[in-house]
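One chain, subunit A, appears in both complexes that follow, with subunit B as partner in the first and subunit C in the second.
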Partner chain A sequence: MEYLVSTLTFTGITLIGVLGVYMVTGLTGLFSFGQAAFLAIGAYVSAVLYKNLGLPLPLAALVAMLVGLAAGLLVGLPTVRLRRDYISLVTFGFGEAIIAVLNNTANITGGAMGLSGVPQKTSFLLVFASLLVCVAIVISYKNSKYGRQCLALRNDELAAKSMGINVERLKLVTFLIASVMTSFAGVLYVFYTTYVEPGAFGWVISAEWMIIVFVGGVNSLTGAVFATFILTGLPEFLRFASEWRIAIYCVIVLLILNFRPSGIFGEHEISLSFLQKLFRKGARAA
Partner chain B sequence: MSSLEVKGISKAFGGVKAIDDFSFEVDGHDIVGIIGPNGAGKTTVFNLLTGVYSLDAGQVFLDGKNLTGLPQHAITRAGIARTFQNIRLFRGLNVLENVMTAADPYSGYNLLDVCLFTPRKRRREKAVKDLSRNYLKIVGLEGYEKEKPESLPYGMQRKLELARALATNPRILLLDEPAAGLNPSEVRAFIDLARTIHAQFQFSIIIIEHRLEVVMELSSRIFVLNFGKLLAMGTPAEIVCDRAVTEAYLGEEETECSA
Partner chain C sequence: MTIQLLINGISLGSVYALIAVGFALIFNILKFSNFSHGGLMSVTAYIGYVASIFIGHYVKGLPLFVVTLIAAALGGGLLALIVERVAFRRLRNSNSSVIYYFISSITMGILMENSVTIFASSNFYSYPSFFPTSVIRFGALSVAIPDLLTLLFSASALVILLVVLFRTRIGLAIRSTSFDTSTAKLMGMDPNRVVAATFFASGVLGGVAGVFLGINYTLYPQLGQLIVKGFVASVIGGLGSISGALIGAVLLGIVEIFLIGLVGAGWSPVVIFVIMLVFLLLRPRGISGVIVQEKA
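And now, the complex of A and B:
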């Protein structure tokens, strides 16, 4: 039971990170290879503030999210003007730079040895509640003018500009929300594992998140949630397969790209109205 | 009522002068046409007016406000809307959402409303939705709200582009070959639609079109471009009989004309 809860907690934290990638990559079509760095920022900033400076946890969490916002602004401001492929390069560089910084400031962060002795404050319930709030915000974002405009600019940037959409600002706003959300996931993460090391936040994690979004369906939040549970949860339960996780990922991605290029869910969402429709259809059939 | 003043705009691509010192004005509640042989620079004029390309020289004023050098979205919000020659609808959004994206910049709620799920967001969303439905109704796409734009027949996609341009609340509407690819009866219907829209709204329309019957019937004045330069201007009747124009289109030949 405890094992199940801890797996679900980790999956929940990952899902908050994936939500960020969903907004940036799924909705807006920007490839950020440095998204996991925001997880690191959230984790390290909150842990150091709490442990070394004795700040109360909520305040430490808030500061960590603000630092995440500032870092997002630092990367985002110059990159939103760039072409899409360059955005991946810059965010990739940023992510690896953060890890290098963490490795080289050993007196504060513990360097490659990691930061240990953080008390466990995160519970499954807290993660679950945070997740619900984050999902609600992403749903609200997708179903607002912002989400629509993101999809529009992903599809045709020139036409989006011609419709009066401030494309650069919209990209930045989306990127910043994702940054803050992922930083928050970092806070949850460090106060659950009680130990972090820089190696846990490399580009592989960012790539994994992107793979999750793609497997789920680029345009579908339901797909992202579903794929997170399958791809993070499953290897934990199938312990024997965990060493093969990356290999399994690759096979799954290849299969999906071949047979269902738009992901499992494609553009579809499971919403309340969709379920109602399904129910009515079922009732009619019966 | 609005006035567009274009003063001596120029644009060169490498050594090719796509547009060379072109000036014109559109005043009040007018429809004007821009015609010219292929490669004359017609679409370039639209791209310069809407900020897709930057101007090498010249200035653009809308109701006295200088739009020169503004970014694309700012020019659209200032009141210049356009449609595209090769239809550019947003796939992944349905027909209604396509129109809504164009009305969204005016919807007046912010990120805080989104994150806090305020009633204001719901109210404004509904207002934008109703507004967009109305534009769809105007162009005759009622009942297609939930369709994917790419699944619509070509003629309807053109209408959707028009509805989307209307939703940006323009003062000047630029139509880039709106009748291209339409069959004769659709062209007829488009001319009527353009008339209705023009009568219903207070803006002026500039049309680029190869189908001469569209330009001749709709516009009160026509500008003829050739190799990026203004070749002739005048009423449709004057243009038909203009020697330079016929030469540009057909080469030098003796033509008879009575006007």
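And now, the complex of A and C:
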């Protein structure tokens, strides 16, 4: 039972990170290879503030999210004006730079040895509640004016621009929301595992999140949630060797790309109205 | 002393140039950032290693080095052909959106990196030493032989590429397809063949770069992540411009060597990242000044 709860907690924390990637990649079509670096920022800033400076946890979490916001601005401001490729290249460099900073400030962050001895404050309920809040934020963003603008931007930036959408601001805002959300996931992460090291935040993590979003379906939040449970929850239970696990993901993704390019759920969401429609269709057929 | 550092920097920059040009070739023709290039370099570094071990029984020294380079280059070229076939051919035929190319290249990159991890485990290997690490003296100046050879071989690989690109029929085909795919197709060029040729050329450069990276650092599966240097060089030089990538890479190599002297190897990625950001703010189109627009 304890094992089940801990796996679910981890999956929940991952899911918050994936939600950030969903907003950036799934909705807006930007590719961030530095998403895991925001996780690192959230984890390290909050843990150091709490442990070394004795700040209360909510305040430490808040500061961590603000630092995440500032880092998002630093990466976002120069890149949103340019082709979308630039944001992936720059975030890749950002991820490397953050890891270098963590490795070189050993007197504060513990360097490559990692930061240990953080008290465990995150509980399953806290993660679950945060997850609900984050999902609510993402759903309302997706259904708002901004969400529809994001979709337009993703499909054709030039067309979106000519329809009067301020693409630069839209890209920046979406990227910033995702940065803050991921930093928050970092706070939850460090106060659950009680130990972090720079090696855990490489670009493979960011890429893995993108793959999860993609497997679920480029524009389907349901798909992203579903894929997170399948791809991070299940292997924990089934105890795959982790190297093979990632190789198998990759093969699955290549198959999906070649034969069903819109992902498992495509553009569909499981919502009340969708279920009703499905039900009605079934009734008519019967 | 300064001139010595300069030579080291240019030598390092020439390896970065191999990476950046291989990356720019694909960017030019398919208009997306090929993230699988890093994974390819990891694999070719190991291909070169295996070749050097097998052939090391028969030849030693410089010939062994040349054979290793050729093996890795051919391996890289063939691997790139496979990557093109598996990851991009169908996407191209169905005119997919750029997003899918991205995902496909990322996935392919991780897959290659992971295959190396699975087959070679995460152990560290290192290349046999090809040449005695002695120095050549030019008056007061002393230059390490490996640095000089790195510079020599990278520069020749790049020159060969430029000759192929600007003096042969296939090079003309590659350039015109990069410029406008549909017009090139109307002129009777087979896009599949041209794209395959481009991938082969990019893979060859990646293969040579992989061996040099493997010699400079040790061999480990994540070696290909040094592709970030190629990205930085392309951003500084201007995305998609081959001459820009060359200049950007050499500049990056020189700056990095001087930075290592100034702030140490650990901090240099941070400083380089900041330089890249400043560059993007001040001159987003890069040194070459050509900006690739999204096509309408």
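One rule holds for everything that comes next: the second predicted complex is superposed on the first by the 274 of 286 C-alpha atoms of A that agree within 3 Å, B and C clash if a C-alpha of one lies under 4 Å from a C-alpha of the other, contacts with A are read in each partner's own complex, and residues count from 1 in each chain.
The rule is simple: a residue touches a chain if its C-beta (ideal position, glycine included) is under 8 Å from a C-beta of that chain, and two chains touch if they have at least 3 such contacts.
Values in this document were obtained by computation on a predicted structure and should not be read as measured data.
Q: Determine, for the superposed arrangement built on subunit A, whether subunit B and subunit C clash or fit.
A: fit
Q: Please work out whether A:Leu158 is in contact with subunit B alone, subunit C alone, both, or neither, and reply first, second, both or neither.
A: A:Leu158 contacts both subunit B and subunit C.
Q: A:Asn103 contacts which: subunit B (first), subunit C (second), both, neither?
A: After superposition on chain A, A:Asn103 lies in contact with subunit C alone.
Q: Quick check on the superposed pair: does A:Ile230 touch subunit B, subunit C, both, or neither? Answer first, second, both or neither.
A: Neither partner.
Q: First (subunit B), second (subunit C), both or neither: which does A:Ala247 touch?
A: second
Q: As a test of reading the superposition: which chain, subunit B or subunit C, is in touch with more residues of subunit A?
A: On the superposition, C touches more of the residues of subunit A.
Q: Per the contact definition in the header, classify A:Val173: touching subunit B only (first), subunit C only (second), both, or neither.
A: first
Q: Tell me which partner A:Val135 touches in the superposition: subunit B (first), subunit C (second), both or neither.
A: Neither subunit B nor subunit C is touched by A:Val135.
Q: With subunit A at the apex, figure out the C-alpha centre angle toward subunit B and subunit C and round it to a multiple of 10 degrees.
A: 80
Q: Check the residue A:Phe31 against both partner chains and state whether it touches subunit B (first), subunit C (second), both, or neither.
A: second
Q: Once the structures are superposed on A, label A:Val90 by its partner contacts, choosing first (subunit B), second (subunit C), both or neither.
A: A:Val90: touches subunit C, not subunit B.
Q: Using the touch definition from the top, say if A:Ala200 reaches subunit B (first), subunit C (second), both or neither.
A: It touches nothing on subunit B or subunit C.
Q: Note down the smallest distance between any C-alpha of subunit B and any C-alpha of subunit C in the overlay, whole angstrom.
A: Comparing every C-alpha of subunit B with every C-alpha of subunit C, the smallest gap is 9 Å.
Q: Going by the contact definition given at the top, which residues of subunit A touch subunit B in one complex and subunit C in the other?
A: 154-155, 158.
Q: Inside the complex, what are the residues of subunit A that reach subunit C?
A: Residues of subunit A touching subunit C: 25, 29, 31, 74-75, 77-79, 81-86, 88-90, 92-94, 96-97, 100-101, 103-104, 154-155, 157-158, 202-204, 207-208, 210-211, 214, 218, 243-244, 246-247, 250-251, 253-254, 257-258, 261.
Q: Note which residues of subunit B are touching subunit A in the complex, please.
A: Its residues touching subunit A are 50-52, 71-73, 76-77, 81-82, 84, 88-93, 97-98, 100-102, 104-105, 107, 109, 111, 114-115, 117, 121, 125, 128, 164, 167-168.
Q: Note which residues of subunit A are touching subunit B in the complex, please.
A: Its residues touching subunit B are 136-137, 140-141, 143-146, 148-149, 151-152, 154-156, 158-167, 173, 177, 219, 267.
Q: Provide the residue numbers of subunit C that touch subunit A in the complex, in ascending order.
A: Its residues touching subunit A are 27, 32-33, 35, 86-87, 90-91, 94, 96-100, 102-104, 106-111, 113-115, 117-118, 222, 225, 228, 231-232, 234-235, 239, 264, 266-270, 272-274, 276-277, 280-281, 284, 292-294, 296.
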